[in-house]
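In the two complexes that follow, chain A is the common piece, with chain B as its partner first and chain C second.
Take a look at the complex of A and B:
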(Lines of atoms letter the chains of each structure in order from A and count residues from 1; the text may use other names and numbers.)
(Lines give C-alpha, C1' and ligand atoms only; values in the text may rest on other atoms or scores of the structure.)
Protein backbone atom coordinates (compact mmCIF):
# COMPACT_ATOMS: atom_id res chain seq x y z
CA UNK A 1 0.00 0.00 0.00
CA UNK A 2 1.30 3.38 -0.95
CA UNK A 3 0.06 6.91 -0.51
CA UNK A 4 0.68 9.09 -3.55
CA UNK A 5 1.62 12.73 -3.30
CA UNK A 6 0.94 14.58 -6.52
CA UNK A 7 4.29 16.36 -6.61
CA UNK A 8 7.87 15.53 -7.46
CA UNK A 9 10.42 14.69 -4.78
CA UNK A 10 12.58 17.54 -6.10
CA UNK A 11 11.70 20.18 -8.71
CA UNK A 12 12.55 19.35 -12.31
CA UNK A 13 13.33 22.32 -14.52
CA UNK A 14 14.67 22.04 -18.04
CA UNK A 15 15.90 25.29 -19.55
CA UNK A 16 17.39 24.18 -22.87
CA UNK A 17 15.62 22.62 -25.88
CA UNK A 18 17.78 19.52 -26.23
CA UNK A 19 15.88 16.37 -27.32
CA UNK A 20 19.19 14.52 -27.65
CA UNK A 21 19.65 14.72 -23.87
CA UNK A 22 16.31 12.88 -23.51
CA UNK A 23 17.83 10.03 -25.47
CA UNK A 24 20.65 9.74 -22.93
CA UNK A 25 18.47 10.29 -19.86
CA UNK A 26 16.40 7.26 -20.84
CA UNK A 27 19.35 5.16 -19.64
CA UNK A 28 18.25 6.06 -16.10
CA UNK A 29 14.61 5.24 -16.96
CA UNK A 30 14.76 1.77 -18.49
CA UNK A 31 18.46 0.90 -18.32
CA UNK A 32 20.20 -1.79 -16.30
CA UNK A 33 21.24 0.62 -13.55
CA UNK A 34 18.19 2.85 -13.87
CA UNK A 35 15.53 3.80 -11.39
CA UNK A 36 12.99 1.20 -12.56
CA UNK A 37 15.49 -1.63 -12.08
CA UNK A 38 16.40 -0.21 -8.67
CA UNK A 39 12.80 0.11 -7.49
CA UNK A 40 11.81 -3.37 -8.65
CA UNK A 41 14.98 -4.92 -7.22
CA UNK A 42 14.48 -3.52 -3.72
CA UNK A 43 10.71 -3.87 -3.54
CA UNK A 44 11.07 -7.51 -4.55
CA UNK A 45 14.04 -8.40 -2.33
CA UNK A 46 12.45 -6.99 0.81
CA UNK A 47 10.19 -10.01 1.44
CA UNK A 48 12.98 -12.46 2.07
CA UNK A 49 15.50 -10.26 3.90
CA UNK A 50 16.00 -10.47 7.68
CA UNK A 51 13.39 -8.40 9.45
CA UNK A 52 15.71 -5.74 10.76
CA UNK A 53 16.71 -4.56 7.28
CA UNK A 54 13.33 -4.86 5.50
CA UNK A 55 12.23 -1.32 6.36
CA UNK A 56 15.28 0.38 4.85
CA UNK A 57 15.01 -1.65 1.63
CA UNK A 58 11.28 -0.88 1.46
CA UNK A 59 11.85 2.85 1.98
CA UNK A 60 14.64 3.09 -0.58
CA UNK A 61 12.64 1.06 -3.14
CA UNK A 62 9.76 3.48 -2.69
CA UNK A 63 12.03 6.49 -3.13
CA UNK A 64 13.36 5.02 -6.39
CA UNK A 65 9.81 5.28 -7.78
CA UNK A 66 9.91 9.00 -6.95
CA UNK A 67 13.22 9.25 -8.82
CA UNK A 68 11.67 7.40 -11.77
CA UNK A 69 9.00 10.11 -11.92
CA UNK A 70 11.64 12.83 -11.97
CA UNK A 71 13.52 11.19 -14.84
CA UNK A 72 10.25 10.69 -16.73
CA UNK A 73 9.45 14.37 -16.27
CA UNK A 74 12.84 15.40 -17.66
CA UNK A 75 12.44 13.16 -20.73
CA UNK A 76 8.88 14.33 -21.30
CA UNK A 77 9.80 18.00 -21.09
CA UNK A 78 12.72 17.53 -23.50
CA UNK A 79 10.63 15.75 -26.16
CA UNK A 80 7.02 16.95 -25.89
CA UNK A 81 7.39 19.90 -28.26
CA UNK A 82 9.86 18.36 -30.69
CA UNK A 83 8.94 17.80 -34.33
CA UNK A 84 9.60 14.42 -35.97
CA UNK A 85 12.52 16.05 -37.79
CA UNK A 86 14.03 17.27 -34.51
CA UNK A 87 13.61 13.80 -33.01
CA UNK A 88 15.33 12.21 -36.01
CA UNK A 89 18.17 14.74 -35.67
CA UNK A 90 18.44 13.88 -31.96
CA UNK A 91 18.80 10.19 -32.76
CA UNK A 92 15.27 9.43 -31.58
CA UNK A 93 13.84 8.58 -35.02
CA UNK A 94 13.67 4.87 -34.21
CA UNK A 95 11.92 5.66 -30.94
CA UNK A 96 9.42 7.91 -32.69
CA UNK A 97 8.63 5.27 -35.31
CA UNK A 98 7.64 2.82 -32.59
CA UNK A 99 6.34 4.97 -29.74
CA UNK A 100 5.57 8.49 -31.03
CA UNK A 101 6.55 10.63 -28.01
CA UNK A 102 5.45 8.07 -25.44
CA UNK A 103 8.10 7.10 -22.93
CA UNK A 104 9.22 3.50 -23.07
CA UNK A 105 11.36 1.42 -20.76
CA UNK A 106 14.52 0.94 -22.74
CA UNK A 107 18.10 2.07 -22.32
CA UNK A 108 19.98 4.78 -24.23
CA UNK A 109 20.89 2.26 -26.93
CA UNK A 110 17.26 1.17 -27.37
CA UNK A 111 17.49 -2.24 -25.67
CA UNK A 112 14.16 -2.94 -23.94
CA UNK A 113 14.00 -3.31 -20.17
CA UNK A 114 14.37 -6.83 -18.78
CA UNK A 115 14.00 -8.37 -15.33
CA UNK A 116 17.40 -9.99 -15.84
CA UNK A 117 18.95 -6.59 -15.02
CA UNK A 118 18.68 -7.46 -11.33
CA UNK A 119 18.77 -10.44 -9.04
CA UNK A 120 17.04 -11.73 -5.94
CA UNK A 121 19.41 -14.32 -4.59
CA UNK A 122 17.75 -14.91 -1.23
CA UNK A 123 21.13 -14.64 0.44
CA UNK A 124 20.94 -11.39 2.44
CA UNK A 125 24.62 -10.50 2.05
CA UNK A 126 24.60 -11.23 -1.69
CA UNK A 127 21.43 -9.17 -2.13
CA UNK A 128 22.58 -6.18 -0.05
CA UNK A 129 25.98 -6.08 -1.74
CA UNK A 130 24.22 -6.07 -5.12
CA UNK A 131 22.18 -3.14 -3.82
CA UNK A 132 25.34 -1.23 -2.83
CA UNK A 133 26.80 -1.89 -6.29
CA UNK A 134 23.55 -0.79 -7.95
CA UNK A 135 23.66 2.54 -6.10
CA UNK A 136 27.28 3.14 -7.10
CA UNK A 137 26.49 2.33 -10.75
CA UNK A 138 23.52 4.70 -10.71
CA UNK A 139 25.74 7.37 -9.13
CA UNK A 140 28.24 6.90 -11.96
CA UNK A 141 25.48 7.13 -14.58
CA UNK A 142 24.38 10.45 -13.11
CA UNK A 143 27.98 11.69 -13.33
CA UNK A 144 28.23 10.83 -17.03
CA UNK A 145 24.82 12.44 -17.67
CA UNK A 146 25.95 15.62 -15.88
CA UNK A 147 29.10 15.60 -18.06
CA UNK A 148 26.93 15.52 -21.20
CA UNK A 149 24.81 18.63 -20.58
CA UNK A 150 25.37 22.31 -19.84
CA UNK A 151 21.75 22.93 -18.79
CA UNK A 152 22.23 24.20 -15.24
CA UNK A 153 18.64 23.45 -14.22
CA UNK A 154 18.91 19.87 -15.44
CA UNK A 155 22.29 19.53 -13.73
CA UNK A 156 20.71 20.76 -10.49
CA UNK A 157 18.09 17.98 -10.51
CA UNK A 158 20.63 15.35 -11.59
CA UNK A 159 22.98 16.46 -8.80
CA UNK A 160 20.19 15.94 -6.27
CA UNK A 161 19.52 12.44 -7.62
CA UNK A 162 23.22 11.59 -7.51
CA UNK A 163 23.42 12.69 -3.87
CA UNK A 164 20.50 10.39 -3.04
CA UNK A 165 22.48 7.47 -4.53
CA UNK A 166 25.30 8.30 -2.11
CA UNK A 167 22.92 8.26 0.86
CA UNK A 168 21.27 5.01 -0.30
CA UNK A 169 24.65 3.34 -0.73
CA UNK A 170 25.56 4.38 2.82
CA UNK A 171 22.32 2.92 4.22
CA UNK A 172 22.73 -0.40 2.36
CA UNK A 173 26.29 -0.62 3.65
CA UNK A 174 24.95 -0.08 7.18
CA UNK A 175 22.29 -2.75 6.62
CA UNK A 176 25.02 -5.22 5.68
CA UNK A 177 27.00 -4.22 8.78
CA UNK A 178 23.93 -4.91 10.94
CA UNK A 179 23.66 -8.42 9.52
CA UNK A 180 27.39 -9.03 9.97
CA UNK A 181 27.32 -7.94 13.62
CA UNK A 182 27.65 -10.87 16.00
CA UNK A 183 24.23 -11.58 17.43
CA UNK A 184 25.68 -13.66 20.25
CA UNK A 185 27.60 -10.72 21.68
CA UNK A 186 26.58 -9.98 25.24
CA UNK A 187 25.83 -6.32 25.54
CA UNK A 188 26.33 -4.76 28.94
CA UNK A 189 24.29 -1.62 29.40
CA UNK B 1 40.74 13.95 5.52
CA UNK B 2 39.91 12.12 2.30
CA UNK B 3 39.28 13.71 -1.09
CA UNK B 4 36.18 12.95 -3.16
CA UNK B 5 38.12 12.85 -6.41
CA UNK B 6 41.31 10.93 -7.09
CA UNK B 7 43.55 11.19 -10.11
CA UNK B 8 46.25 9.20 -11.84
CA UNK B 9 48.48 9.70 -14.83
CA UNK B 10 48.00 6.90 -17.35
CA UNK B 11 50.65 5.68 -19.76
CA UNK B 12 50.68 7.74 -22.95
CA UNK B 13 51.90 5.82 -25.97
CA UNK B 14 53.91 7.53 -28.72
CA UNK B 15 51.65 6.19 -31.51
CA UNK B 16 48.16 6.93 -30.14
CA UNK B 17 45.78 8.55 -32.65
CA UNK B 18 44.09 11.13 -30.40
CA UNK B 19 45.53 13.90 -28.20
CA UNK B 20 46.23 12.19 -24.86
CA UNK B 21 44.36 12.69 -21.60
CA UNK B 22 47.34 13.01 -19.27
CA UNK B 23 45.41 13.04 -15.99
CA UNK B 24 42.44 10.75 -15.39
CA UNK B 25 40.08 11.15 -12.45
CA UNK B 26 37.52 9.06 -10.59
CA UNK B 27 35.13 9.80 -7.76
CA UNK B 28 35.52 8.53 -4.19
CA UNK B 29 32.45 9.87 -2.35
CA UNK B 30 32.11 9.88 1.45
CA UNK B 31 30.08 6.68 1.90
CA UNK B 32 33.22 4.72 1.00
CA UNK B 33 34.86 5.95 4.20
CA UNK B 34 32.11 6.37 6.77
CA UNK B 35 31.43 2.82 7.94
CA UNK B 36 28.39 2.73 10.22
CA UNK B 37 27.30 6.37 10.55
CA UNK B 38 28.24 7.66 14.02
CA UNK B 39 25.61 9.24 16.27
CA UNK B 40 25.33 13.01 16.66
CA UNK B 41 26.86 14.21 13.40
CA UNK B 42 26.10 17.83 12.43
CA UNK B 43 22.96 18.37 10.33
CA UNK B 44 21.92 20.84 7.64
CA UNK B 45 18.95 23.11 8.26
CA UNK B 46 15.79 21.38 6.90
CA UNK B 47 15.47 23.61 3.82
CA UNK B 48 19.14 23.22 3.02
CA UNK B 49 18.88 19.46 3.48
CA UNK B 50 15.97 19.22 1.02
CA UNK B 51 17.99 21.14 -1.54
CA UNK B 52 21.16 19.12 -1.09
CA UNK B 53 19.52 15.70 -1.00
CA UNK B 54 20.98 14.80 2.39
CA UNK B 55 20.58 15.89 5.99
CA UNK B 56 24.26 15.22 6.67
CA UNK B 57 27.15 17.50 5.65
CA UNK B 58 29.38 14.45 6.11
CA UNK B 59 27.55 12.71 3.22
CA UNK B 60 27.27 15.78 0.97
CA UNK B 61 29.60 15.50 -1.99
CA UNK B 62 28.42 17.49 -5.03
CA UNK B 63 29.82 16.49 -8.40
CA UNK B 64 31.36 18.77 -10.99
CA UNK B 65 32.21 17.91 -14.57
CA UNK B 66 35.93 17.08 -14.56
CA UNK B 67 36.18 17.86 -18.28
CA UNK B 68 35.31 21.49 -17.65
CA UNK B 69 37.90 24.12 -16.80
CA UNK B 70 38.38 24.25 -13.07
CA UNK B 71 36.22 21.18 -12.60
CA UNK B 72 39.15 19.22 -11.20
CA UNK B 73 39.21 19.03 -7.42
CA UNK B 74 41.94 17.34 -5.45
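Take a look at the complex of A and C:
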Protein backbone atom coordinates (compact mmCIF):
# COMPACT_ATOMS: atom_id res chain seq x y z
CA UNK A 1 0.00 0.00 0.00
CA UNK A 2 1.18 3.50 -0.74
CA UNK A 3 -0.23 6.82 0.45
CA UNK A 4 0.01 9.76 -1.93
CA UNK A 5 1.34 13.04 -0.56
CA UNK A 6 0.12 16.13 -2.41
CA UNK A 7 3.58 17.65 -2.60
CA UNK A 8 6.82 17.24 -4.52
CA UNK A 9 9.82 15.95 -2.59
CA UNK A 10 11.77 19.05 -3.71
CA UNK A 11 10.45 22.12 -5.58
CA UNK A 12 10.51 22.04 -9.39
CA UNK A 13 10.62 25.41 -11.09
CA UNK A 14 11.56 26.22 -14.66
CA UNK A 15 12.41 29.69 -15.95
CA UNK A 16 11.32 29.22 -19.59
CA UNK A 17 9.41 27.05 -22.04
CA UNK A 18 12.09 24.66 -23.35
CA UNK A 19 10.75 21.59 -25.19
CA UNK A 20 14.26 20.66 -26.37
CA UNK A 21 15.38 20.16 -22.75
CA UNK A 22 12.16 18.26 -22.01
CA UNK A 23 13.07 15.90 -24.85
CA UNK A 24 16.41 15.11 -23.17
CA UNK A 25 14.91 14.88 -19.66
CA UNK A 26 12.64 12.06 -20.89
CA UNK A 27 15.77 9.90 -20.57
CA UNK A 28 15.25 9.95 -16.79
CA UNK A 29 11.52 9.25 -17.17
CA UNK A 30 11.44 6.19 -19.42
CA UNK A 31 15.12 5.45 -20.08
CA UNK A 32 17.29 2.53 -18.96
CA UNK A 33 18.80 4.37 -15.98
CA UNK A 34 15.73 6.51 -15.30
CA UNK A 35 13.51 6.83 -12.26
CA UNK A 36 10.81 4.40 -13.45
CA UNK A 37 13.39 1.65 -14.00
CA UNK A 38 14.92 2.43 -10.59
CA UNK A 39 11.61 2.34 -8.68
CA UNK A 40 10.43 -0.86 -10.38
CA UNK A 41 13.81 -2.57 -9.98
CA UNK A 42 14.02 -1.99 -6.23
CA UNK A 43 10.38 -2.54 -5.38
CA UNK A 44 10.42 -5.80 -7.35
CA UNK A 45 13.56 -7.04 -5.59
CA UNK A 46 12.10 -6.58 -2.08
CA UNK A 47 10.22 -9.86 -1.93
CA UNK A 48 13.20 -12.18 -2.20
CA UNK A 49 15.97 -10.18 -0.48
CA UNK A 50 17.22 -11.08 3.02
CA UNK A 51 15.22 -9.54 5.87
CA UNK A 52 18.13 -7.29 6.86
CA UNK A 53 18.12 -5.23 3.64
CA UNK A 54 14.41 -5.17 2.74
CA UNK A 55 13.75 -1.80 4.43
CA UNK A 56 16.48 0.10 2.59
CA UNK A 57 15.45 -1.31 -0.81
CA UNK A 58 11.76 -0.66 -0.06
CA UNK A 59 12.43 2.92 1.06
CA UNK A 60 14.76 3.87 -1.79
CA UNK A 61 12.26 2.34 -4.25
CA UNK A 62 9.58 4.52 -2.74
CA UNK A 63 11.74 7.66 -2.94
CA UNK A 64 12.34 6.92 -6.65
CA UNK A 65 8.60 7.30 -7.26
CA UNK A 66 8.89 10.82 -5.84
CA UNK A 67 11.80 11.49 -8.21
CA UNK A 68 9.75 10.16 -11.14
CA UNK A 69 7.10 12.74 -10.25
CA UNK A 70 9.72 15.51 -10.16
CA UNK A 71 10.99 14.58 -13.65
CA UNK A 72 7.41 14.43 -14.95
CA UNK A 73 6.77 17.88 -13.47
CA UNK A 74 9.86 19.28 -15.21
CA UNK A 75 8.79 17.84 -18.58
CA UNK A 76 5.21 19.04 -18.10
CA UNK A 77 6.28 22.57 -17.19
CA UNK A 78 8.86 22.82 -20.00
CA UNK A 79 6.33 21.81 -22.68
CA UNK A 80 2.91 23.01 -21.50
CA UNK A 81 3.09 26.37 -23.32
CA UNK A 82 4.87 25.10 -26.44
CA UNK A 83 3.17 25.36 -29.85
CA UNK A 84 3.21 22.38 -32.26
CA UNK A 85 5.81 24.30 -34.32
CA UNK A 86 8.05 24.68 -31.29
CA UNK A 87 7.70 20.96 -30.51
CA UNK A 88 8.65 20.05 -34.11
CA UNK A 89 11.64 22.40 -33.93
CA UNK A 90 12.74 20.74 -30.66
CA UNK A 91 12.65 17.30 -32.29
CA UNK A 92 9.40 16.32 -30.58
CA UNK A 93 7.30 16.20 -33.77
CA UNK A 94 7.12 12.40 -33.73
CA UNK A 95 6.15 12.49 -30.04
CA UNK A 96 3.46 15.08 -30.71
CA UNK A 97 2.02 13.05 -33.60
CA UNK A 98 1.50 10.08 -31.30
CA UNK A 99 0.96 11.58 -27.84
CA UNK A 100 0.19 15.32 -28.15
CA UNK A 101 1.82 16.69 -24.98
CA UNK A 102 1.11 13.61 -22.90
CA UNK A 103 4.12 12.07 -21.22
CA UNK A 104 5.11 8.65 -22.49
CA UNK A 105 7.62 6.21 -21.04
CA UNK A 106 10.40 6.30 -23.61
CA UNK A 107 14.00 7.46 -23.59
CA UNK A 108 15.50 10.60 -25.13
CA UNK A 109 15.93 8.77 -28.45
CA UNK A 110 12.28 7.63 -28.48
CA UNK A 111 12.80 3.94 -27.58
CA UNK A 112 9.86 2.75 -25.48
CA UNK A 113 10.43 1.61 -21.89
CA UNK A 114 11.10 -2.08 -21.39
CA UNK A 115 11.32 -4.35 -18.31
CA UNK A 116 14.58 -5.70 -19.78
CA UNK A 117 16.29 -2.49 -18.53
CA UNK A 118 16.73 -4.15 -15.13
CA UNK A 119 17.28 -7.57 -13.64
CA UNK A 120 15.97 -9.55 -10.68
CA UNK A 121 18.60 -12.21 -10.11
CA UNK A 122 17.44 -13.63 -6.79
CA UNK A 123 21.06 -13.41 -5.62
CA UNK A 124 21.29 -10.62 -3.01
CA UNK A 125 24.87 -9.56 -3.81
CA UNK A 126 24.19 -9.53 -7.56
CA UNK A 127 20.98 -7.53 -7.03
CA UNK A 128 22.53 -4.99 -4.65
CA UNK A 129 25.57 -4.42 -6.89
CA UNK A 130 23.20 -3.84 -9.80
CA UNK A 131 21.47 -1.26 -7.59
CA UNK A 132 24.78 0.52 -6.85
CA UNK A 133 25.58 0.59 -10.58
CA UNK A 134 22.08 1.89 -11.37
CA UNK A 135 22.56 4.80 -8.96
CA UNK A 136 25.97 5.67 -10.43
CA UNK A 137 24.60 5.59 -13.99
CA UNK A 138 21.69 7.83 -12.98
CA UNK A 139 24.12 10.22 -11.25
CA UNK A 140 26.14 10.46 -14.48
CA UNK A 141 22.97 11.04 -16.54
CA UNK A 142 21.94 13.90 -14.25
CA UNK A 143 25.37 15.47 -14.76
CA UNK A 144 25.02 15.26 -18.56
CA UNK A 145 21.54 16.80 -18.29
CA UNK A 146 22.81 19.64 -16.07
CA UNK A 147 25.54 20.28 -18.68
CA UNK A 148 22.85 20.75 -21.36
CA UNK A 149 20.87 23.60 -19.78
CA UNK A 150 21.46 27.14 -18.55
CA UNK A 151 18.12 27.30 -16.69
CA UNK A 152 19.22 27.92 -13.09
CA UNK A 153 15.88 26.80 -11.62
CA UNK A 154 16.01 23.52 -13.52
CA UNK A 155 19.68 23.01 -12.59
CA UNK A 156 18.72 23.41 -8.91
CA UNK A 157 16.19 20.56 -9.06
CA UNK A 158 18.48 18.35 -11.19
CA UNK A 159 21.33 18.91 -8.73
CA UNK A 160 19.10 17.70 -5.89
CA UNK A 161 18.33 14.52 -7.87
CA UNK A 162 22.01 13.99 -8.71
CA UNK A 163 22.90 14.22 -5.01
CA UNK A 164 20.20 11.70 -4.07
CA UNK A 165 21.79 9.14 -6.40
CA UNK A 166 25.03 9.50 -4.43
CA UNK A 167 23.26 8.87 -1.10
CA UNK A 168 21.34 5.90 -2.50
CA UNK A 169 24.53 4.39 -3.90
CA UNK A 170 26.15 4.72 -0.46
CA UNK A 171 23.20 3.03 1.29
CA UNK A 172 23.18 0.14 -1.21
CA UNK A 173 26.94 -0.33 -0.71
CA UNK A 174 26.35 -0.51 3.05
CA UNK A 175 23.55 -3.06 2.55
CA UNK A 176 25.89 -5.25 0.44
CA UNK A 177 28.62 -4.99 3.12
CA UNK A 178 26.10 -5.98 5.82
CA UNK A 179 25.25 -9.16 3.90
CA UNK A 180 28.90 -9.97 3.20
CA UNK A 181 29.75 -9.57 6.91
CA UNK A 182 26.89 -11.96 7.77
CA UNK A 183 28.14 -14.55 5.28
CA UNK A 184 31.65 -14.44 6.78
CA UNK A 185 30.32 -14.77 10.35
CA UNK A 186 28.39 -17.88 9.42
CA UNK A 187 31.47 -19.54 7.85
CA UNK A 188 33.27 -19.55 11.23
CA UNK A 189 30.78 -22.02 12.73
CA UNK B 1 -9.92 27.46 2.61
CA UNK B 2 -10.47 28.66 -0.95
CA UNK B 3 -9.82 27.11 -4.34
CA UNK B 4 -6.28 27.62 -5.61
CA UNK B 5 -7.44 29.62 -8.65
CA UNK B 6 -8.87 32.31 -6.36
CA UNK B 7 -5.92 32.62 -3.98
CA UNK B 8 -4.69 36.11 -3.21
CA UNK B 9 -0.99 36.90 -3.66
CA UNK B 10 -0.66 36.67 0.11
CA UNK B 11 -2.17 33.16 0.13
CA UNK B 12 0.14 32.06 -2.72
CA UNK B 13 3.14 33.39 -0.83
CA UNK B 14 2.01 31.56 2.32
CA UNK B 15 1.46 28.32 0.35
CA UNK B 16 5.01 28.33 -1.02
CA UNK B 17 6.50 29.33 2.33
CA UNK B 18 4.73 26.59 4.33
CA UNK B 19 5.24 24.00 1.58
CA UNK B 20 8.98 24.67 1.56
CA UNK B 21 9.15 24.26 5.34
CA UNK B 22 7.37 20.91 5.02
CA UNK B 23 9.68 19.84 2.18
CA UNK B 24 12.75 20.76 4.24
CA UNK B 25 11.50 18.91 7.32
CA UNK B 26 10.43 15.84 5.38
CA UNK B 27 13.77 15.76 3.57
CA UNK B 28 15.49 15.38 6.95
CA UNK B 29 13.09 12.50 7.69
CA UNK B 30 13.73 10.70 4.37
CA UNK B 31 17.47 11.08 4.79
CA UNK B 32 17.46 9.88 8.42
CA UNK B 33 15.11 7.01 7.54
CA UNK B 34 17.47 5.68 4.84
CA UNK B 35 20.45 6.14 7.15
CA UNK B 36 18.70 4.30 10.00
CA UNK B 37 17.77 1.44 7.64
CA UNK B 38 21.49 0.56 7.56
CA UNK B 39 22.48 2.05 10.99
CA UNK B 40 19.56 0.96 13.23
CA UNK B 41 21.47 1.42 16.53
CA UNK B 42 22.42 5.10 16.15
CA UNK B 43 20.64 6.59 19.17
CA UNK B 44 21.20 10.26 18.33
CA UNK B 45 19.86 9.72 14.78
CA UNK B 46 16.75 8.03 16.23
CA UNK B 47 16.22 10.94 18.64
CA UNK B 48 16.59 13.42 15.77
CA UNK B 49 14.19 11.36 13.65
CA UNK B 50 11.51 11.43 16.36
CA UNK B 51 12.01 15.14 16.93
CA UNK B 52 11.43 15.80 13.20
CA UNK B 53 8.37 13.51 13.13
CA UNK B 54 6.79 15.86 15.68
CA UNK B 55 7.87 18.96 13.74
CA UNK B 56 6.53 17.54 10.45
CA UNK B 57 3.13 16.73 12.01
CA UNK B 58 2.79 20.22 13.47
CA UNK B 59 3.71 21.91 10.15
CA UNK B 60 1.30 19.72 8.17
CA UNK B 61 -1.56 20.34 10.57
CA UNK B 62 -1.10 24.08 10.08
CA UNK B 63 -0.71 23.78 6.28
CA UNK B 64 -3.82 21.63 5.93
CA UNK B 65 -5.97 24.03 7.97
CA UNK B 66 -5.17 26.68 5.35
CA UNK B 67 -4.82 24.78 2.08
CA UNK B 68 -6.72 21.51 2.44
CA UNK B 69 -5.70 17.85 2.71
CA UNK B 70 -2.16 16.74 1.86
CA UNK B 71 -3.20 13.08 2.16
CA UNK B 72 -5.98 10.83 0.86
CA UNK B 73 -7.39 7.47 2.02
CA UNK B 74 -8.09 8.63 5.55
CA UNK B 75 -4.74 10.15 6.40
CA UNK B 76 -6.13 13.71 6.51
CA UNK B 77 -9.47 15.03 7.79
CA UNK B 78 -11.70 16.62 5.16
CA UNK B 79 -13.73 19.81 5.34
CA UNK B 80 -17.09 19.91 3.51
CA UNK B 81 -17.43 19.64 0.55
CA UNK B 82 -14.78 16.93 0.17
CA UNK B 83 -11.60 18.94 -0.42
CA UNK B 84 -9.07 16.41 -1.69
CA UNK B 85 -9.77 17.23 -5.34
CA UNK B 86 -9.60 21.00 -4.76
CA UNK B 87 -6.12 21.65 -3.44
CA UNK B 88 -3.65 22.10 -6.33
CA UNK B 89 -1.69 19.13 -7.63
CA UNK B 90 2.08 19.35 -7.13
CA UNK B 91 2.90 19.80 -10.82
CA UNK B 92 0.48 22.73 -11.09
CA UNK B 93 2.19 25.01 -8.58
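To be clear about the criterion, the second predicted complex is superposed on the first by the 181 of 189 C-alpha atoms of A that agree within 3 Å, B and C clash if a C-alpha of one lies under 4 Å from a C-alpha of the other, contacts with A are read in each partner's own complex, and residues count from 1 in each chain.
The rule is short, and it goes like this: a residue touches a chain if its C-beta (ideal position, glycine included) is under 8 Å from a C-beta of that chain, and two chains touch if they have at least 3 such contacts.
As the structure is a prediction and not an experimental result, all values here were calculated from the model.
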Checklist entry - Is A:167 contacted by the first partner chain B, the second partner chain C, both or neither? => result both
Next on the checklist: A:59 in the overlay: touching chain B, chain C, both, or neither? Say first, second, both or neither.
Outcome noted: second
Checklist entry - Touching A:106, do we find chain B (first), chain C (second), both, or neither? => result neither
Checklist entry - Which holds for A:159: it touches chain B only (first), chain C only (second), both, or neither? => result first
Checklist entry - Touch check for A:146: first (chain B), second (chain C), both, or neither? => result first
Item to check | chain B versus chain C as contact partner of A:10, first or second or both or neither | outcome: both
Next on the checklist: After the superposition on A, what does A:41 contact: first (chain B), second (chain C), both or neither?
Outcome noted: neither
Checklist entry - Counting residues of chain A in contact, which comes out ahead: chain B or chain C? => result C
Checklist entry - Which positions of chain A sit in both the chain B and the chain C interface? => result 10, 167, 174
Checklist entry - Inside the complex, what are the residues of chain C that reach chain A? => result 19-20, 22-23, 26-27, 30-31, 33-35, 37-39, 69-73, 75, 87, 89-91
Checklist outcome for this item: Touching chain A in the complex, chain B uses residues 27, 29-31, 34-37, 50-54, 56, 59-63, 65-67
Checklist entry - Which bits of chain A are touching chain C when the two form their complex? => result 3-12, 55-56, 59-60, 63, 69, 72-73, 76-77, 167-168, 171, 174-175, 178
Item to check | Residues of chain A touching chain B in the complex | outcome: 10, 139-140, 142-143, 146-147, 159-164, 166-167, 169-170, 173-174, 177
